[in-house]
Each structure stands twice: as C-alpha cells, then as structure tokens.
Amino acid sequence: MPTTTIAAENLDKSFSGTPLFSGLSFSASRGLVAVSGRNGSGKTTLLKILAGLARPTSGRVHIETEGAAALTPSERRLAVGWAGPDLELYGELSAVENLHFFRKAAGREADTADLVRRLAAVGLAEEAMRRRVEEYSTGMKQRLRIAFATLFDPPVLVLDEPMVGLDVEGRETVYRVLAAARERGPVLLASNDERDFVDPDQRIEMKGSRRRGA
Amino acid sequence: MKVLKLLLLPYMAAVIGAAFLWPEPAKGFIGESSRIVFFHVPCAWASTLAFIVAAVYSAAFLWKGKPWYDDIAAAAVRIGLLFGVLTLITGSLFARVMWGSWWNWDPRESSYLLLVFLYSAYLFLRAAVEDPERRPRIAAAYALFAAVLMPFLTFVAPRVTASLHPQTVINPQGKILMDTPTRAVFFGAMAGFSALFFWLLSIDARAARLRRTGENLHRD
Amino acid sequence: MSALARAWAVCAKDATQELRRKVAMVAVFFFAATALTLVSFAIGPFGLPAADRPALEAALLWIILFFAAATGLPRAFVAEEEAGTGLALRKTVPAVVVLAGKSLFNFVLFLAMALITIPGFLILLDWKVNSPLAIAATMLAGGYGLAVVSTFLSALVARAGQRNVLFVLIAFPLILPLLLTAISATIVATAGDFPTTPLRVLLAYDGAATCGAYMLAGVAWED
C-alpha cells in the first residue's frame, strides 16, 4: 500500500498579533505522532490546521501519496480524518442517517450495511444506531465522532482528545482503531493524558503562548 | 504629492467661487438653483467612484491577502457614504426649490438612497464580525456580491424609466447640454471633487492601517 | 457522483431536520398568517378604490413574503453554527455544494410559503388574478433570487453578532431591486398580461446572483 506523508512546513499561528506557535515543522508517514502540551498551548489549533479546518498565519501543510498525483482540494479534504471535542453531528438525525448524509454529500456511495458495520466497530449498539443523536450519552457521542473520523478510510488520521468521556470498553475500541490506523499511515493524537500515547513513533511538544496565564 | 495637496485647497476655493460667480444660471431652472450641478453631480460621481474602488480593492484583498487593500476598501466605503449623504442632501435641496418637495421617489434619487443603505450595511457588517481574521474576508465577500447585483438598480432603472432629473449630463442624445463657462466650472468641479475623494481616502486608509497595526502591538 | 446529487443530499438533510424540528417552518408560517390577517383586517375586500388595488396588493404580498422569508431563510447557515455542526460540514463538503443545497432548500421553503400566502390573498382580500401562469412564473423567478441571495448572506452572518438585525440590514439593499421588479411583474400579471420585461430582469438578476454566490461561496463560508 502506498505511503501517505503529512508534513508541516514552518507553521505559524497568531491570533490578532499574539503568537500561539511559530516555526513548527514535522513530517510523518506511518506510525503514531504524540502531540502534547498544556491547555492553551495550541494542540487543538494545530490539529485543526492539519485537518484543513483552520488557516495558519504562515507556512504550509503538505499531504502527498507516493507515486500518485497531487491531491485535489476535495481529495485533501477527505484524505485527513479528524475528530475533536467541538465536533458535533446532527442531533435530529440518527447515527446511521448522519454517516449516510456525510458520505452522500462528500460524493461517495453510502451503503447502510457498511455504515452499520462501522458503527458496530466503534461499539455502538444496533438499537442505538437508529436513535437520534441528541439522545446519546457523552460516551456514545464520542464513539460516533471516531466513526466520523474514519468514515472515508483516510490515510491520515488526526484525533484530538479521543478518549474523553469513554469507559474502559470505549478506550479499548479507540486503541484498536489507533493500532490499525498507524499501520496504514500517520496518526496524530493530541491528549492531556500521557497514558493515551501508546508507544509513539514521534512527539510534538507544544510550548504554548505567552498570552495565557499558567 | 504634497504640492498637489496644498494646491487642492485654493483650487477648490476657486471652483466654489467660480460656481457662484462665473456662469449664468441655466434656463429652465428656478433662480440660481442650477448652480447645484457643480456640487451635486461631483458628489454623486465621488460616491460611485467609492463603490468602484471598494470593489476593486476587495477583490485585490481576496486575491493577494494584503491587509492594506482591505484598509483601502473599508475607507472607500466610509468616504463613499459621506459623499452619498451629501448627494442626497444637495439633491433634496434642489428638489425643494424646483418642485416644492424634499423627496420625490425619482429613480435616480432612490438609487442613491439605496447606495447609502448599502454602504451603511457594509460598515455594520464589519462592526458585527468580531473575529479580526474573518472580518476583512466577510466584508470583501459582501462588497463583491453587491458589485455583481448593483447594476440592476443603479443603472437599469434610471435609464429605463422616465425621470424628473434634469437631463443636462446623462441624456438620450448623449450630449452635454451646457454652455462654455458652465462646462468649464462643471468639469473643474468634477476634477476637484475626485481629487478630494482620493485625498480623504488616503487619510482614512492610513488611519485604519495605524489602528490595525496599533491593535496588534497593544496585545503584546 | 455529480455535484447536483451532492447538493441534493444537503437539501434533503436540511429538509429532514426541518420536518423533525419544525423551527423555521413554524416561524415562517406564523409570521405569514399574522401579517395576512392584519392586512385583511386593515384593508379588506371593500376598503379601497379599484384602480389602486393592484399596486397595493402586489406590494403587500411581496412585503409579507420578504419578511416571512427573513424570519426563516437565514437559518440555513446560522443553525449550523449554533448547533456546532458547521465544523463537520466544512470538513466533508465544499462550500459551493453546501450553498447550492441550502439555496435549493430555501427556494422550496419560499415556494411553500407562497402556496399558503397566495390563497390567503385570494380568499381574504378577494385578490383578482387574470394570469395565474404569470403569477407562477413571477414566484419562481423572484423566489429563486430571494433564496440564493438570502442563503449567501446567511453564510456571511452565521458567525457574526446581532444576526437577526444584521441579516435584514445587509439583505435589504441587495434584495430591493428584486422586490421592486417582482412587484412590477405581479401588477402586470394581475392585469392579465404576461410581464415579459420584468421577468427578463428577474432572470438576469437570478443569473447574476447565482454567479456571484458560486464564485464567493468559499470566501463566505470557510475559515
């Protein structure tokens, strides 16, 4: 399977002139990249930039698959799977309906049996899959987030605090997802809890901004 | 450039003086009211020029990303609003003298009222977007979207429908129906007001840039 | 899968949400019903000289439609930001597809609103329409423009403060040409003629608005 590399080149991010981080560069093709740092150090922002959800003040993010042509913007969008604490899905729809919508809107086929399988893989019960997301517990919503991140089988996975709100079984599920994903391509994992980083291949330590208090 | 700015003041004084003293009042107008053309039309022109500048620099900002271009676009809208309001006031005074009422819903009058609303809406939109990174992009998107739709009111309606507006400048024959002294002062005023517009634009844009860079310094 | 199919998916999603939640629908219909009742009490079928009625009724109709639309149409993008679902959508779907899908939904919402308001006018105000085809054409052409412009502006205000007032303020100067032309067309249609010129202007406006929204979609709704 061809390797996909995600690389950051001299990323700077400032908010209204106050720098959050600067000169950040790294490259990863396979394996787990642990992103650590205190609250407010910019982990979430960095991950959003890598996922294409925020713009850096300067610098670039490269995503390349060896032997393949450059990715179109649409392909880029789907090549990086992302889930974070502020990811919300549609409360009025069920989990299956949510995933079905995102696949269709992204221009992909949406097979209900496949979606049910994906949701089962993250530990959602069959009867829960058909209930509206607004009725879900925190743990169930978090499992759905993981399903969303892996929905397009992306070569690159970016997860921000994926263990929050999960019980032991939920954590085991995420470890399984991570273990599988790191064999296929780069996985970036941000967490406040060191225990979440199982045998990382690389580490990015966010130093943090001068602006916020300790 | 400084010399030109210094010259602008006596030049405008000369234009204003000439407006009242040199040409004779035009036929078909009540009393001295035709003299308004030396002030009203240049203000209207400056207001329209502002729109063009704002649209061009909004596009330039989206293309190149330089904050200075956004400063210019926003300044153009502010100055354009000023001249737009002046256009409405001078027009209204003229209407009062000629037809006895302050406002007539003439298509051309109305299109300038709409322009004033549009400029105000743009400035309100800028004020309402709190994120300083998104603000210029949202403003630019609005300015360009408005540029695409504006021809429908400002140019289609006045050409198509009959208007109370005197037809001395924009008319079906395509000729300027003025005698020589009037023409001289008129074009002189147009040049003067245009220069005044660019000068005010320059001041406002530079002030905006100072505010923007000053804000960034202050946060540290 | 074609872009149209993807936009349709967005539209269908919005429709499903709306049918389950009913927030926008209720607000819009309640507004239209209230305004209609107010107007019919005020002028009724016998209150005015016959010559003035067409212009007044046409203007009132479009005023009601515009303000009812202003109650419901901006929810297109605002609701996404309020629910926090904007991120997921931005992650998966290009801005142009989202804009197209939501414009389509808003167009349908507008037509549904017109289908309620117009019979109301016919019954309560004894509105005389001599060319129903022309009225239908006007509703389609005018409604489309209103939907596209409102959806685009909704994207602009989605992450700003004072959204309700802001929307009406920024929409008014852009929608006025459409409303004036639509009112003209409606007056002609009630007289029984086919309003060719106003409809041509409306179609040109619709075309310009579509091009503008298409080109600026990414700027209006992105990071």
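Order of writing sets the labels: A, B and C. Residues in every chain begin at 1.
What we mean here is this: contacts are C-beta pairs under 8 Å (C-beta built on N, C-alpha and C of every residue); 3 or more make two chains touch, one makes a residue touch a chain.
It should be emphasised that the depicted structure is a prediction, and the values quoted were computed from it without experimental measurement.
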Centre-most chain [mean C-alpha coordinates]: C
Farthest chain relative to chain C (centres taken as mean CA coordinates): A
Chain centre separation (chain A, chain C; CA means) in Å: 38
Mean-CA-position distance for chain C and chain B (Å): 31
Computed distance of Cα centres, chain B from chain A, in Å: 50
Numbers and ranges of chain C residues touching at least 2 other chains: 223
Residues of chain B touching at least two other chains: none
Residues of chain A engaged with two or more neighbouring chains: 55
In the complex with chain A, residue positions of chain C that touch it: 1, 3, 5-6, 9-10, 12-13, 16-17, 20-21, 83-85, 87-94, 97-98, 101, 223
Chain B contact footprint on chain C (complex, rising order): 149, 152-153, 156-157, 159-162, 166, 169-170, 172-174, 176-178, 180-181, 201, 204-205, 208-209, 211-213, 215-216, 219-220, 223
Chain A - residues contacting chain C, complex: 51-55, 73-74, 77-78, 82, 84, 86-93, 97, 101-102, 104-109, 132, 148
Residue ranges of chain B touching chain C (in the complex, touch as defined): 62, 114-115, 117-118, 120-122, 124-125, 128-131, 134, 137-138, 140-142, 144-146, 148-149, 151-153, 156-157
